[in-house]
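In what follows, chain A forms one complex with chain B and a second complex with chain C.
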Partner chain A sequence: MPRIRLCLRWGEIEEFSNAKALKGGNALQKGNIEAKQGRAGWAFVTPATVMIFIMSFYPMVEAFITSFRTGSSAAMKWANPFSFNYTRMFQDKVFVTSIGNTFLYLIIQVPIMLVLAILLAQILNNRHLMAKGWFRTMIFLPCATSLVSYALIFKSLFSTNGLINSFLVNLHILSEPYNFLGHPASAKIVIILALIWRWTGYNMVFYLAGLQNIDYAVYEAAKIDGASSWTTFWSITVPLLRPTIVMTFIMSINGTLQLFDESVNLTNGGPANSTITMSHYIYNNSFGTGVANFGYASAMAFLVFIMVAVLAFINIKVGDTRD
Partner chain B sequence: MVQRRLIPSYIFLIIACFFSVFPLYWMITAATNDTVDVARGKIWFGSHAMENFQKLIQSQDLGKSMGNSFLYAIVQTVLCLLICSIAGYGFELYHDKGKDRLFSILLLAMMVPQVATMIPLFKMISRMGMLNSVAGFILPAISTPFMIMMFRQNSRNFPPDILEAARMDGLSELAIFFRMYMPVMKSTYAAAAVISFMNAWNSYLWPKVVMTDNRAQTMPMLIANLAGGYTIDYGLLMMGVLFCSIPTMVVFFVLQKQFAEGITGAVK
Partner chain C sequence: MKKKVLSMLMIAAMTGSLLAGCGGSSGGGSDTGSTSSGDSAEEASSDDSSAEGGDNSLSVYAWDASFNIPALEAAGEDYKNNVDSNFELNIVEQSASSDVENAITLAGSSGDYSQLPDIVLFQDHYFHKFNVDYPDAWLDVDDADIDWSDFGEEKLSYSMIDGKHFGVPLDNGTVVAAYRTDILEDCGYSLDDMTGITWDRFIEIGKDVYEKSGKYLVSMPADGNDMPYIMLQAEGVSQFEDGQPNLTDNETVVKIYETIAQMINENVLYMPNDWTGYTNESIVGDMVCGVMNGNWIIPTIEQVADNSGKWAITSMPTLSGDEGYASNGGSSFYITSNCKNPELAKDFLAKTFGGSTETYDNALKNGGVITCCISAGQSDVYQEGVDYFNGQPIYSDIVEMSSKVKPIEQSDFHYSLRNNTDTAIVNMVNGMAVGDALKDAQDQTVFEMGGN
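Coming up: the complex of A and B.
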């Protein structure tokens, strides 16, 4: 009797220890798999992360350091006084003009474009509208042209012997061709028109996507309640699209502060630098026809970065309703 | 049946469509006219297309620039998609606190303006001897926060069951990405490819900085050269603009849905 009991106990012990070993092994294996997956996850995000650090963050730091240096690219030395590049730019008439121009484009063009885009999206969102797809495609079409292409198209259209002039002269609105790109005010207007032309459809696509997330029944209900389309627009569409509006605002500000292709190809900054943008002037100071001054160009570029960051921050704060 | 209430909408839309299509229509007609007709305000097709084309290939190396633009854009698109999709996949399906924090740091790169990084990048690329090369063109653009974000957002639609099932079958993590994730996410890849191709084809500032040799120039650079002189041959110029626009137009018309999805892809 005791023997058997013992045997049983032995067996139990053996079984028990086996089970334990097995369990321990499993845990080890599971831990291995988890570690492997963890490593895989990090490995997947590494190439992109490394590239962004090398191609965006590191150059940003280098640009900041360069912004305190001066001289031509071969023989650069620390600026004396240290903040020389930063004080210099606010006395640089062309750079101050370029800041003014960029903000002028920003203040006039962005609101017009975004309001137009929302209006078009609102109209196209109507269920009873016919040929919706055609309208959408045509309004979206300018996005298919490259920035240089459309700048050159507008340059040709508005040149002294361009189509707009011959049209206006034939209609006797103008007695002789007007040099639109040769006068500061009209050249700025042409740039603004061109920007509106190129980007309205682009922004409209965001609003259309946003409107699709709004239950159409809301609009039907508003119609039954007798709300005019104006009221519907301001009290349903705009509030519900608020996150999209904030996002398009940030993108437009970011894009406008970095305007380059249009300024270079439409007006070449002229006449007499009156339409030049910040990016264009920075380019001229580093790779353009003038004397390359990487230090000064970097300082101006850093100011652009601060503007982008500050305006994006303000926009996010204003758009954030969860307070 | 046209609803009467909608008539103002139609009028507004027709005017908007006229303004958005007309400049492109004019560009195409001008490419078929000589510069005198263009200046006279002719807005119908002419018979000088061949002549403009011949002048274009005589004055510029059109074939070379088209080839360059295609090469840069295709290589950039393929690499960008590969690097950003695998990162988006990693950030979403293997997410933990560390990766989430890293992702929000990477997003800050969206605010970095191109003019600020172009000088250090130019120095870096020229030190590595990559001026006028494909590598020099693509390196700054193959990993963008926008693309990573787009793949990260869209990876939410990837069913985690597939991941588990594939692991049960003993597939390695990398094999799961290539054999399971990529086929399922085809539509996201298509949208991302369209955006990436368009961006690469249209880019102007960076190629202008890094492509110092004429033989490495891209199409946007070529047409900008055409407009650089004192007297501009409008027929010739618009022929160049037309060539620069054909690839993006084809992409636009064939893949319009993917294009629209690609633009808004990261914000859903």
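Coming up: the complex of A and C.
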């Protein structure tokens, strides 16, 4: 009589002696449990939801309102004309430069990084590779360093009396130290190198996880059919990894458009604003140079938000295989 | 059961820490302990509330443990010994001057000034802008018992608004042109050859020195380049006219920027990328034979013990060849609107930084802070020769030079303009025409000024 025992366990016994009553009782019980679980679920979710609303959504709404206001942050008034901050940013040469810089990082760095990540993942997914756990850890390790400290390390590496210059001068590749961070083109390259170093391993981990979800039998079948590893990669790995690729693309685009630490700590936007990013300029307009122009900064932040949303949307549409 | 107890404990701990984090200011209050330099930010809030309770205590924000904090400690001791033995000064150390600026921005934006200390040390160039933006954050000190004529006119212009005094000056930003006399001598020059010369002559000497010794005559960071400002102040010219930036139409300004670009291109002026490069690489790293900046740069020069006795200071070159005097940086004390006892704060500032030789002597000895107070600069301590500068009485020399600095038009957008001219200088060095680069800088500054 397992059913009765179950009932007993739930502590409501005597009156449910006949089968019909037992059945009804069970239904009642089930409802209670569901309600109880539901309540427990809400109890767990509510604090987080309330926090997100207070800490994220409420500030977002406030920032949106602020983006239509101007003046000292102690006494802000509505902008006149209403869209003043939004039209203003397109006449702002530095902001336009910062958009250009950010997109340059995006266009050059993201593809290089993702291709490298997928190649590394492919290599490290080899079953016969020795010490692959060690290799994986090594490649992922840069992600464990803090953004500020790695930016400062790159800064000292590429400074005029830094390690890279010492190497190049001692190997007679350069006759005298080159000021990498003092020239617009080389400063941009250093930032891109730093970004690749920092984020490749991070994306590789996603690809590795994706690759491990692909059945090895598929590859064996391809081998039996005589497919070269190149064909295997393009016809099997890439299509099957598509969801992961889309995800890493969106994350990288999102991350690059919001790039801040590298610009601030490696070059401080210089030389001559040639490496400044959008987020860095937004920060400068709110705290950086004591200007405290919060209305304008919020408006620029919303433009970044729209850019991220649009690019992510395009990416999802392009990556969607369903017709 | 055990698990339940444990999880309850953890929840309690988390909520507890959350509440403690948010409500820090309501706690504390009895912590009127010793004069505490080096307080963490968390302790700051309890110091604030202690200021509310105590009748004899004041809290102050300052940021440099080797410079202005020793000066404040000296003032606190002075007031305690000579005026009120129950007086307590709580010095709350900030990690940088921008922390103080951000504290004002935060308080002003939220309209809640209750977290501010009684007194803040504030950078001179920023005060006007912050006074315009957050007028409710400040109390004037106009009726404090201070002989204002004892201070240089130029210094007071930063802390005065509509003829009203808001601040009490702390340090003197007078520019020194410091040179390594040993290197100059090796190259065939003396300190006199560097005094009262034109910039053209300066460039000639600089090229020669670079050729003979491999050292640059002077350096300035690409990011935060104060060279144009101090060179122009020595000429008595401002980059602003009637509140608007005036670069392209002002012949002197254009000439100065041309000179700077020429100095960089001819290896007379070394331009490291940033401030750390300026101090650590060029000055401490011994790449230069001269330093030209506010006298607060002297402790940085003195970091190289090997070069003791080899330095000397003099005035700046100018376009005409007269001796040039300028001032760069420096800060003053301001009373915030959150001050619970403004009379005590004014009395404290008046009887210490308002002209007390005891305060200023100890501030100089312990922190290297040079006064802007003319009478305090005549004390014996100021007349002493400094070994590092080969026995030259640099402090009295600096105080004397400070009286010759000409006031020029200041602007709330001083640092905006500096950012934009930094860009212009880099562009000039990379080949852009001086006029075009200056026009860009001027346009961008005008643009930024139209933002609020």
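Here, the second predicted complex is superposed on the first by the 284 of 323 C-alpha atoms of A that agree within 3 Å, B and C clash if a C-alpha of one lies under 4 Å from a C-alpha of the other, contacts with A are read in each partner's own complex, and residues count from 1 in each chain.
Keep in mind that, in the parts below, contacts are C-beta pairs under 8 Å (C-beta built on N, C-alpha and C of every residue); 3 or more make two chains touch, one makes a residue touch a chain.
For clarity, every value in this text was computed on a predicted model and none was experimentally measured.
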item: Partner chain in contact with A:F287 - chain B first, chain C second, else both or neither; value: both
item: Contacts of A:S279 with chain B and chain C, given as first, second, both or neither; value: first
item: First, second, both or neither for A:L241, with chain B first and chain C second; value: neither
item: Touch count on chain A, higher of chain B and chain C; value: B
item: First (chain B), second (chain C), both or neither touched by A:S159; value: both
item: Chain B versus chain C as contact partner of A:P271, first or second or both or neither; value: second
item: First (chain B), second (chain C), both or neither touched by A:L181; value: second
item: Partner chain in contact with A:Q91 - chain B first, chain C second, else both or neither; value: second
item: Touching both chain C and chain B, counted on chain A across the two superposed complexes; value: 73, 159, 161, 287, 294
item: Interfacial residue positions of chain A with respect to chain B in the complex; value: 33, 36-38, 40-45, 47-49, 51-52, 55-60, 62-63, 66, 73, 116, 119-120, 123-124, 126, 128-130, 135, 137-150, 152-157, 159, 161-163, 166-167, 170, 197, 200-202, 205-206, 208-209, 244, 247, 254, 257-258, 260-261, 264-265, 278-279, 282-283, 286-287, 294, 297-298, 301-302, 304-305, 308-309, 312
item: Touching residues (chain side chain B, partner chain A) in the complex; value: 2-3, 6, 9-10, 12-13, 16-17, 19-21, 23-24, 26-27, 30, 38-41, 43, 83-84, 86-87, 89-91, 93-96, 99, 102-103, 106, 109-124, 139-140, 142-145, 148, 167, 173-174, 177, 201-202, 204-205, 208-209, 219-221, 223-224, 226-227, 232, 234, 237-238, 241, 244-245, 248-249, 251-253, 256, 259-260, 263-264, 267-268
item: Of all residues in chain C, those that touch chain A in their complex; value: 98, 101-102, 105, 108-109, 111, 126, 129-130, 132-137, 222-223, 271-274, 277, 281, 285, 415-416, 419, 422-424, 426-427, 430, 440, 443-444, 447-448, 451-452
item: Residues of chain A touching chain C in the complex; value: 70-74, 88, 91-94, 159-161, 179, 181-184, 267-268, 270-273, 285, 287, 289-294, 296
